[in-house]
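Multiple structures follow.
Shared between the two complexes below is chain A, which has chain B as its partner in the first and chain C in the second.
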Partner chain A sequence: MEGLVATGLIGISLGAQYALLALGFTLIFGILGVVNFAHGGFYVLGGYIAYATTTHLGAPYPVAVVIAALGTAGLGYVFERFLLERLVDDHLATLMLTLGLYLMMSSGILVVFGPESPSFEFPITGVLRGGGFYFPLQNLIVLAVCIVAIVTLYWLVYHTDFGRALRALADDRAVAAAQGLRPKLLFPLAFALATGLAGLTGALVTPILSLAPHIGDPVLATSFLIVILGGLGSVGGATVAAFIVGLIEAYSAVYLGGSKGALALFTLVLLMLVIRPSGLFGREARGA
Partner chain B sequence: MKTTRRNVILSGAAVGAAMVVPRMAAFAAAPEVKLGVVGVLSGPAAQWGLALRGAVEFVAAEANRDGLIKIDGQPANVSVVAIDSKYTAEGAAAAANSLAGQGVKMILGPIGSPELTGIKPIALRNSMLVMGNGYAKDAIGPQWPLVFHQGPGPSGWADPIIKIAKAKFGMKSVVVVAPNDQGGTDIASVDAQAYKANGIAATEEYYQRGTTNFAPIVTRIMNQKPEAVDLASSPPGDAGIMVKQLRQAGFEGAIGRLGGPGYSEISRVAGGDEVLKDFYWYEPVFIDEKVLKIADDYKTLMKTERPENNLFFQWVSAARMVAKAIAKAGTATDTQKIAAALRSLPVEDPNLGAGGWIGQKFFGVNQELSFPFGVGLVVNGKVQPVQRVDAATET
Partner chain C sequence: MSPSGHETLEVVGLSKRFGGLQVFQEISFTLPQGEVLGVIGPNGAGKTTLINVISGKLAPTAGRVLLGRREMTGQPLHAVSRAGIMRSFQQTNTFSTASVGENIARAITFSGGGSAAWQAITGMLDEFELAPRLDEQSDKLPYGLQKMLGLVLAFVTRPKVLLLDEPAAGLEGRERGRVDSFVRHAREELGCSVLIVEHDMDLIRRLCPNILVLDAGRLLASGPPAEVLARKDVIDAYVGAVEEEVA
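== the complex of A and B ==
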């Protein structure tokens, strides 16, 4: 019983990290209809901005996390406003643009910081222990930030004029634009929000795990898996799917082993997609 | 064409140039010896590839400085063509194909087992000599007579390291963890055998390469209550996370890494030597003053610091052996002749000392270089001086 609960706690920790990663990814698809292949790059960049801010500028870690979120949001805004927006309806072009941006980001980081992982520590290192369980405090902080991020995002998307405008543009851009909504202003803001979330996640998670120029690849793969399972573009679906994936990964890896666990995860996701091809909470197709 | 004074002068100049240029070229062109480098130059294992490339470039510069290689009595110019294998079999195969297309007949590298598996068929097809480093169980063999091993795999060094670790930490059980591909399984299974041969109960655990959070694997390991954990050939970044998460989970035992160097990065990622606590690892080269002289020579010759990873020194000794074999064979293209020269050379390096050829017992072919190596230890969070171990033999 203790083992089941302890594994469940690990699954929840994994789910919180995955949810933070997947929210930005699914938001961009849901609003813009763009699959952002640079998402992992923004995660890595967020980590490196936080690392450089604490190590080279001597700023406190919380300040570094805020700077990382703002920095990646700023880059995302500029990228969407001046590059992506011109070709936003051409899916192949946006795919190539975001992939190109990812390659530029990872190569740039490699040139500036080198290929090896730097020493980047989370400032809080304690572990809560008791009754056969353990829960690192840093995971608790990530979980708290995840909950705040999910609630804030829901509020933004579903209870503000900004969110209503974004959803209207996502449903039918032409009609929404005819009614005075401005995609050239709102889309970059949505993109910045999503990339800022990726940067925030990178700043929070990389000191807990590790920071290196290449770590965006598995991040992108995991985000993709989660948003497909949750339903492309569904914020709620991504959140639920993130925790499902986290829990399946934890239980299967603990009780079946690393290799069989990965196989079990992908098999379950595949089965779920056979039953519901549009994902758990996905619609058949985007309106715009 | 009209016969004008301008055209006559131009034609004369062209004829003159046509007569002079080939003579100048024949006079200027020294024989060219191209050493190919196939190694991982990007991604998590890049430090291994950068060490390889730096070593071969250094040996090429040494050979050029000393006029070591002569082809048809003329000093040859040794150059290096390096291609990123991306630490994959297909990347290494593509790199080998590219080198074959450029007429390169000698390859230093690759580093990982999957890469070596990818490169061997291309090398065989194009009669290329390979001095590689994969720790796979079939890294070398009689079916690949031109493939050499730049240093022993775990079959050579796991046993003496385990003996030292057992004497220091006294473990009776171990879980060996590695990625679930050939780069992991071939090393972990040999390590596990070596533990068992030393009376230590060993089980193997594998994880999907690309895993970023090892908390579930760590929980599975903890459930087995081992007295030690060996991270085998897990990349340094992965190994660092696992060390950190093992300690968070309350694991107090010794942690080893019998798979390759990378201690400094593991320590950085884990959070320092205090987190490593009790740690042991394989150092491919025992670093003493003579070996460090290579670093000084590198700085003098290459005008920059040597690559950080200590595999650099091992690659220098292997590349020097290849250079000596080319010099002895007097050819840069007949790889059969170069291989024969290499097999006949005594294993000796001015900095690393004397060693020997091994591999007959494990691989069925005596084409594995063996030099003295080191065992690194962290005890109670304090790094100990690396212990020297004599070159592995097959007795």
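== the complex of A and C ==
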């Protein structure tokens, strides 16, 4: 019983991390119509920025996390504003551009930091024990930060003029522009918001899991999986699906073992594609 | 003709070409502030493209667009919209998955309006039967109401010039009076000039003291509708569509 609760808590904390990644991924798709193949790259970069800031500059870890989030957001902004924006309506071109950016990012990290995993540890250790459960403190902190970030993102998207503008651009770019919105101003900001979330997640999670130049691949795969499950472009769907995936991963890893666990997840997504191709909360196919 | 109001729309020698296809060429006209101008012509005459170019959606191949002597030529859509030239679409121009209320709120927010903008349209919302439907998703409305919502969205941005692309198309006969009413609201409450592209000749006669006739991308005729629609070349250009209307 204790194991069941503890595994559930791990699943929820995994789900919160996945939600931050998938929300960024789905925002970019929903608003720009771009599938960001570099999303995993921003996660890795966030991890390395946090690592370099604490190790080489001696900054405290929370400061490093903020710098990682801002750094990845800044790179996302520049990339969208000066490269992606020129070809934003060409699906094949944006695919090549984002994939190319990912390869450049992971190779760059490989050249600068080397192929080995650096030793990057979460500064707080310890386990929280309660009646019938135990939970690593570091996971609790990550969970708390993720939930604050998710709530902030929801507030931003659903309760501010900026969010209203982003939702309008996602619904109908032509109408929004005709009413005076400026896609060229808002697209880079939306992209930066999403990549900043990926960088934030990387900075928070890599000291617990692992940090290496290639770890962006599974992150991209998981983001894809969640977004398909939740429905492409759906913010609510991505959030719910992220927690479902986190819980399935946690329970299947404990009770089924590693490779069978992954199989369970892919089986679920496969079934979803057959039964409900638009996802849990997805709209019917759009022009993308 | 010298511009009288501050917000006169001047179109000077405007041409648009897509590769080898000349859509229209050398179109010039002036739309003084607060006046209504009709644009008619057979399908493919270049009417919608003209609106696309004036509104900044497409850049012209040659010529200029000025609003109150300010250069609009080649400015992007949002800048032209902010300057006060607002267009409606031939199809509906609403955010289809958002509610009627959210649609209006967005149009107000994006154009920098406040709660006063809501008050300005309460009468119109009642008149067009949109008031009881503010919570409905806009693409679930009957087509005629979707088009009226599109016009209201253009109105709340407080434009100086409205470009209406076939506002009556798809409306039932009894609904068409709402377009007249909308144009009256726009002129009286916003002091706005209106350019109407339309096939409904009765509507054009009712609303427009002056019209332009486009045919195959050229300005064929201009003047009061009674005069222009009686001309032989105009009737010939319009064989079929308008023949019975003007006969």
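Of note:
Note that the second predicted complex is superposed on the first by the 281 of 288 C-alpha atoms of A that agree within 3 Å, B and C clash if a C-alpha of one lies under 4 Å from a C-alpha of the other, contacts with A are read in each partner's own complex, and residues count from 1 in each chain.
One rule holds in what follows: contacts are C-beta pairs under 8 Å (C-beta built on N, C-alpha and C of every residue); 3 or more make two chains touch, one makes a residue touch a chain.
As the structure is a computational prediction, the values presented were derived from the model and not from experiment.
Superposition of the two structures on chain A shows chain C fitting alongside chain B with no clash.
One geometric descriptor of the composite model is the angle centred on chain A: between the Cα centres of chain B and chain C it reads 140 degrees, in steps of 10. Within the superposed three-chain arrangement, the count of touched residues of chain A is higher for B, of the candidates chain B and chain C.
Of the two partner chains, neither chain B nor chain C is touched by A:82. Looking at the shared chain after the overlay, A:7 reaches chain B, while chain C stays out of its contact range.
In the superposed pair of complexes, A:182 makes contact with chain C only, with no contact to chain B.
In the superposition on chain A, no contact is made by A:158 with either chain B or chain C.
No C-alpha atom of chain B lies closer than 38 Å to one of chain C in the superposed arrangement.
In the superposition on chain A, the residues of chain A contacted by chain B and by chain C do not overlap at all. Of all residues in chain A, those touching chain B in their complex are 3, 6-7, 10-11, 13-14, 17, 110, 115-119, 121, 125, 127, 129, 134, 136, 209-210, 212, 214-215, 217-219, 221-222, 249-255, 257-259, 261-262.
For chain A in complex with chain C, the touching residues are 161, 164-165, 167-168, 171-172, 174-184, 283.
By the touch criterion stated above, chain B contacts chain A in their complex at residues 42-44, 46-47, 50, 180, 205-208, 210-213, 215-217, 219-220, 223, 236-237, 240-241, 248-250, 265, 268-269, 271-272, 308. Contact residues on chain C toward chain A in their complex (touch as defined above): 55, 57, 76-78, 81-82, 86-87, 89, 93-98, 105-107, 109-112, 153, 157.
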